[in-house]
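Each of the next two complexes has chain A plus one more chain, namely chain B in the first and chain C in the second.
The block that comes next holds the complex of A and B.
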C-alpha cells in the first residue's frame, strides 16, 4: 500500500494491474501512443446485418477473458447490456469484463451472471444495487470507477482495451451508419459511444430502428462498424430520457440556487463569451434559470453551454443567449429534438468533452460549472460515489472533469440530508479533489476556497453569507450531532480513478 | 408515569420518524434508522432523555427513523407518550 497526496491508502496492484497513486490534478503526463486496432477491409457493398445478438457475439470472436462495452445514453431504459450478457452466458463464455460508459439501476439483472462468473470485472462505475452488494462483500467483482473524461482516456490510451463494443444505435442502416436522433429509442447525442466506435477492436451496431441506407445524419460512420444487428427493442423509451426536467420548488433548494447565482454574479465571469454547465438536478436547473435572467437583463451573449444538455439550455440557445451547445449526452426530450434541428447544438465525443490527455478538452474552456455533492470535507474534497453508509451507489459522471477544467466550480448541496451532515471532517470517498473546487454553496452559507480571495472579498461586500468551511461544518454538526465514523474491513473492493488514471481513493468493504 | 395503551406519532417521510409506544413491564427501546450506523447512539440518548424527563420507566418504545433531527425525535416521542396516556 502507498499513501496518495490526499492521505488515502492505495494498493500498488489491483485486479492484476499496477496502480499509480494520485498526486495532483495537473502534472501526470501521458506516456503512450493512441491505442491501435487491426485495420479491416470490407469489399462487399451489401448488408452487414446479422440475425441476432448471439450471431453477432459469435461473429466478433468474443472469447473467455475478453472485455465488452456498451454506452449508457439509454440510461435506465437500456435493455441491451442485460440482453447481451444473457446471450454471452448462454454461449458458455466466462470471465468477461464490462467496460461500459456507465451502469444503471436497471442493470441489477446482471447480478446472477456476476455470481456465476460470466462477468468478473467492471471497468466502469455503477449506479445502484451492484455497487451496494460489492460494497457489502456479497458480490465479488473488482470495480474501477472512472469519470467520463477518464473513461475516454482509458480507451484511447488502451489502458482498458475493449474487445467488442455493442453500441445501441437508435437510427441505423444496414451498412452501419447510425445516429441517436431518431427512432423509438432516440437518445440524442452518442458522445460516449463515439469513443468505443473508434477504439474497440470490433464494433457492433445494435438497432431497433433499421432505416434505408444512408442513416443521415451520420453520427458514427459505416467505416468503423463491423456488424449490424436488429433487435425488437433497445429499451424502454420512457426511461431513456426524462420527459421533463424541472426546477426545484423546495425552499432550501431555491435558497441554495439564489446564493449560487450570487456567486456567479460576484465572480466577474458573467460577461460576453460566458460558458456554463449545470447538471440536471432541481437546484442546478434553478441556478440555470437565474443565469438566464442575468444574461437577459445585462444583454450578455454567452459562448457555449455544455454537458448533459437539458431543455433549459436548448431554450437559451434558441433565445440567442448562447452561440452553441456542446452535447455529450441529452438529458431530456427537448434536448433530443434540438440536436437534430439546431446547427448550434453540437454533438461531441466524451474525449472531446473531458479527456485530460489530448490537446485540450471542452471542459478547459468552461467559465463556470454547477456540480453536486453527497459529502464535502473541510479541504473542499467532494464525494459523489459512496453514500454516507459506505455503499458505492453512484458513478462519477463528469464531476471531477468539469471541476478541473472550469475556471470556477460551484458545488451546490443542502447542508443536511436526513440528519447526515454534508459538510464534514472527512468524506467517505474522494471523487473530486478540493484543489479543483472553487465554492461550496449550502443554504446555511457559502465557503470559498482560499484560491479565490477576490471572489471571497466580493461576496462579503455583497453581504452574501460567506463562512469559513470549518465554521460551516461546526454549525451543521451542532444541529445533526457528530456522526460516528463508519467501520470498514481491510478488503478493497474497488478503486476510484482520477481523470488522469491515478488512483484518488479506494472503496473498502463495509463492516457488517 | 405509566403507559395506558398504545400510542403512535410521526410519519415515514425523510427527516421524520415514526414512534410507537406500548405498555410493557420494563423499558425497551428499539431503533431502526436510515442513519443507524452513524447516529444510533445519539437517537438513543435523545429518547432516553425525553423518557427520563417524563419519568417513563417502563414501556416498549419502537422507532423507525428516517434521519430526523433531535427536536423532531423529542416532539414525536412526546406526542406518542401523550396518546398512550402516559403524560399528565
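The block that comes next holds the complex of A and C.
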C-alpha cells in the first residue's frame, strides 16, 4: 500500500494491474500512443445484419476473459446490457469484464451472472444495488469507478481494451450508420458510444429501429461498425429520460439555488461569452432558471451550455442566450428533439467533453459549473460515489472532470440529509479533490475556497452568508451530532480513479 | 433585535406553522425580515398543546436570532390564548401577532397581560411588541383607535382573508374589494407613526400576481407583507428593493444633513431643494432597505439623522 497526496491508502496492484497513486489534478502526463485496432476491409455492399444478439456474439469472436461495453444513454430504460449478458452466459462464456459507460439500477439483473462467474470485473462505476452488494462483500467483482472523461481516456489510451462494443442504435441502417435522434428508443446524443465506436476492437450496432440506407444524419458511421443486429426492443423508452428534470419547489432547495445564483453573480463570470454546465437535479435546474433570468436581465449573450442537456438549456439556446450546446447526453425528450433540429445543438464525444489527455477538452472552456455531493469535507473534497453508510451507490459522471476544467465549480447540497451532516471532517470517499472545488453552497451558508479571495469579499459585500467551512461544519454538527466513523474491513473491493488514471481513493468492504 | 424598532425592516413576515418541527427548524435559514410562528389557524385543535411546547422549545434553542420573531396566539376570547402566552413569553419572542383585534379594548387587554408577564419575568416594560391583525369590518372601522392604544404596537397588519369573510365577499386577485379597508388601515397606521403590513397572497404559484399586488401596496405606503410560503420572499424583496437612483439621492441627503450638523444648522438645501426632517427620514429608510439588499455598505445610525446630543 502507498499513501496518495490526499492521505488515502492505495494498493500498488489491483485486479492484477499496477496502480498510480493520485498526486494532484494537473501534472500527470500521458506516456502512450492512441490505442490501435486491426484495420478491416469489407468489400461487400450488402447487409451487415445478423439474426440475433447470440449470432453477433459468436460472429465477433468474444471469448472467455474478454471485455465488452455498452453505452448508458438509454439510462434506466436500457435492456441491452441485461439481454446481452444473458446470451453470453447461455453461450457458456465466463470471466467477461464489463466496461460500459455506466451501469444503472435496471442492471441489477446482472447480479446472478456476477455470482456465477460469467461477469468477473467492472471497469466502470455503477448506480444502485450492484455497488451496494460489492461494498458489503456479498458480490466478488473488482470494480474501477471512472469519470466520463476518465473512461474516454482509458479507452483511447488502451488502458481498458474493449474487445467488443455492443452499441444501442436508436436509428440504424443495415450497413451500420446510426444516430440517436429518432425511433422508439431515441436518446439524442451518442457521445459516450462514439468513443467505443472508435476504439473497441469489434463494434456491433444493436437497433430496434432499422431504417432504409442511409440512416441520416450519421452519428456513428458505417466505416467503424462490424455488424448490425435488429432486436424487438432496446428497452423501456419511458425510462430513458432522467428522473428529476424539474425545478424544485422545496424552500430549502430553492434557497440553496438562490445562494448559488448569488455566487455566479458575484463571480464576475456572468458576462458576454459566459459558459455554463448544470445537472438535472431540482436544485441545479433552479440555478439554471436564475442564470436564465440574469442573462435576460443584463442582456448577456452566452457562449455555450454543456454536459447532459435538458429542455432548460434548449430553451436558452432557442432564446439566443447561448450560441451553442455541447451535448454528450440528452437528459429529457425536449433535448432529444432539439438535437435533431438545432444546428447550434452540437453532439460531442465523451472524449471531446472531458478527456484530460487530449489537446483540450470542452470542460476546459467552462466558466461555471454546478455540481452535487453526497458528502463534502473541510478540505473541500467532494464525495459523490458512496453515501454515509459506505456503500458505493453512484457513478462519478463528469463530476471531477468539470470541477477540474471550469473556472469556478460550485457544489450545491443540503447541509443535512435525514439526520446526517453533509459537511464533515472527512468524506467517506474522495471523488473530486478539493483543490478543484471553488465554492460549497448549503442552505446554512456558503464556504469559499481560499483560492478565490475576491469572490469571497464580493459575496460578503452582497450580504450572502459566507462562512468558514469549519464554522459551517460545526454549525451542522451542533444539530446532527458528530457521526461515528464507519467501520470497514481491510479488503479493498473497488478503486476510484481520478480522470487522469491515478487512484484518488479506494472502496473498502463495509464491516458487517 | 433591531436597535430602533421604528426603522426595523418588515418587508416580509413569514407564517410558520407552530406544529411542524421541520419548518420551525428552518426559521433561521429563511431570508425574510421576520417570522410569525402560528399557534392559531395553522394548528388543528388537537395539536394546540403540542404546538405550544414545540414553539417554546424551538425559541429556547434559537439563541442566535437573526430575524424578528412574532408568535400568533389564538384570539383572546378563546380558551387557548392565555396558555399560549404563558408557554411562549418566557422563551422571549419579539412580539405577539394578535388575531381578531377588532376593538381597542382587545389590544388593551393584551397590553396589560404583556405588562404582567414582563414584571413577572423581570423584563424591561414594553419589551414584548404587538402586531394587531385588522381583519374584520369592525376592526377596519376601529383601526385609528386601535393604532393609538399602546406604544407596544409595531404596526397594523391587514388580514384580507378574514376581512372578506366578515364582509361575506370573495377575495379576488385584483383586490378592488379590499381597497377601502386597505387604505383605512394604512391611514390609521401612518397617523400613529407605525408600520402598515399587508395581507398574505395565498396563491404560491402565481408570482406575477404576487408581484402586482406587492407593487400596489408598496405604492400605497405599506412597508411589508405577510407570506405563507418562503418562495414568495424574493419577489417581495425585489419589489421593495430601492432603485439605484433612489439610493444615490438618499446618500446625498444623508451627506448633506451631516454637513448641516457640522455647520450647526437644522436645515440645508440640496440642489436647490430644502432638506428637512421628512426628507431625511425617507432617505434613511431607503438606505436601510438598500443595506439589506447589499446596495450600500453602511447602516445609517441614529446620530447620522438626528445628530448626537
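Here are a few things to note about the model shown:
The rule is short, and it goes like this: the second predicted complex is superposed on the first by the 509 of 512 C-alpha atoms of A that agree within 3 Å, B and C clash if a C-alpha of one lies under 4 Å from a C-alpha of the other, contacts with A are read in each partner's own complex, and residues count from 1 in each chain.
The criterion applied here is as follows: a contact is a pair of C-beta atoms (placed from the backbone, for glycine too) under 8 Å apart; a residue touches a chain by one contact, two chains touch by 3 or more.
Remember, it's a predicted structure, so these values are computed and weren't measured experimentally.
Superposition model on chain A: chain B and chain C are shown accommodated side by side without a clash.
Judged by the touch definition given at the top, the superposed model places A:444 against chain C, while chain B stays out of reach.
Vectors from the Cα centre of chain A to those of chain B and chain C enclose 50° in the overlay, to the nearest 10. Of the two partner chains, neither chain B nor chain C is touched by A:478.
Using the contact criterion defined above for the overlaid structures, shared-chain residue A:254 touches chain C, although it does not reach chain B.
Touch criterion met: A:461 reaches chain C, while chain B stays clear of it.
Once the two complexes are overlaid on the shared chain, A:417 sits against chain B while remaining clear of chain C. Chain B and chain C never share a C-alpha pair closer than 7 Å once the two structures are laid over each other. In the superposition on chain A, the residues of chain A contacted by chain B and by chain C overlap at 479.
Those residues of chain A that touch chain C in the shared complex are 249, 251-252, 254-255, 258, 443-444, 461-464, 479.
For chain B in complex with chain A, the residues that touch the partner chain are 14-15, 34-35, 37-42, 66-70.
Contact residues on chain C toward chain A in their complex (touch as defined above): 25-26, 29-31, 229-231, 234, 292-294, 297. By the touch criterion stated above, chain A contacts chain B in their complex at residues 388-390, 416-420, 479-481, 483-484, 486-487.
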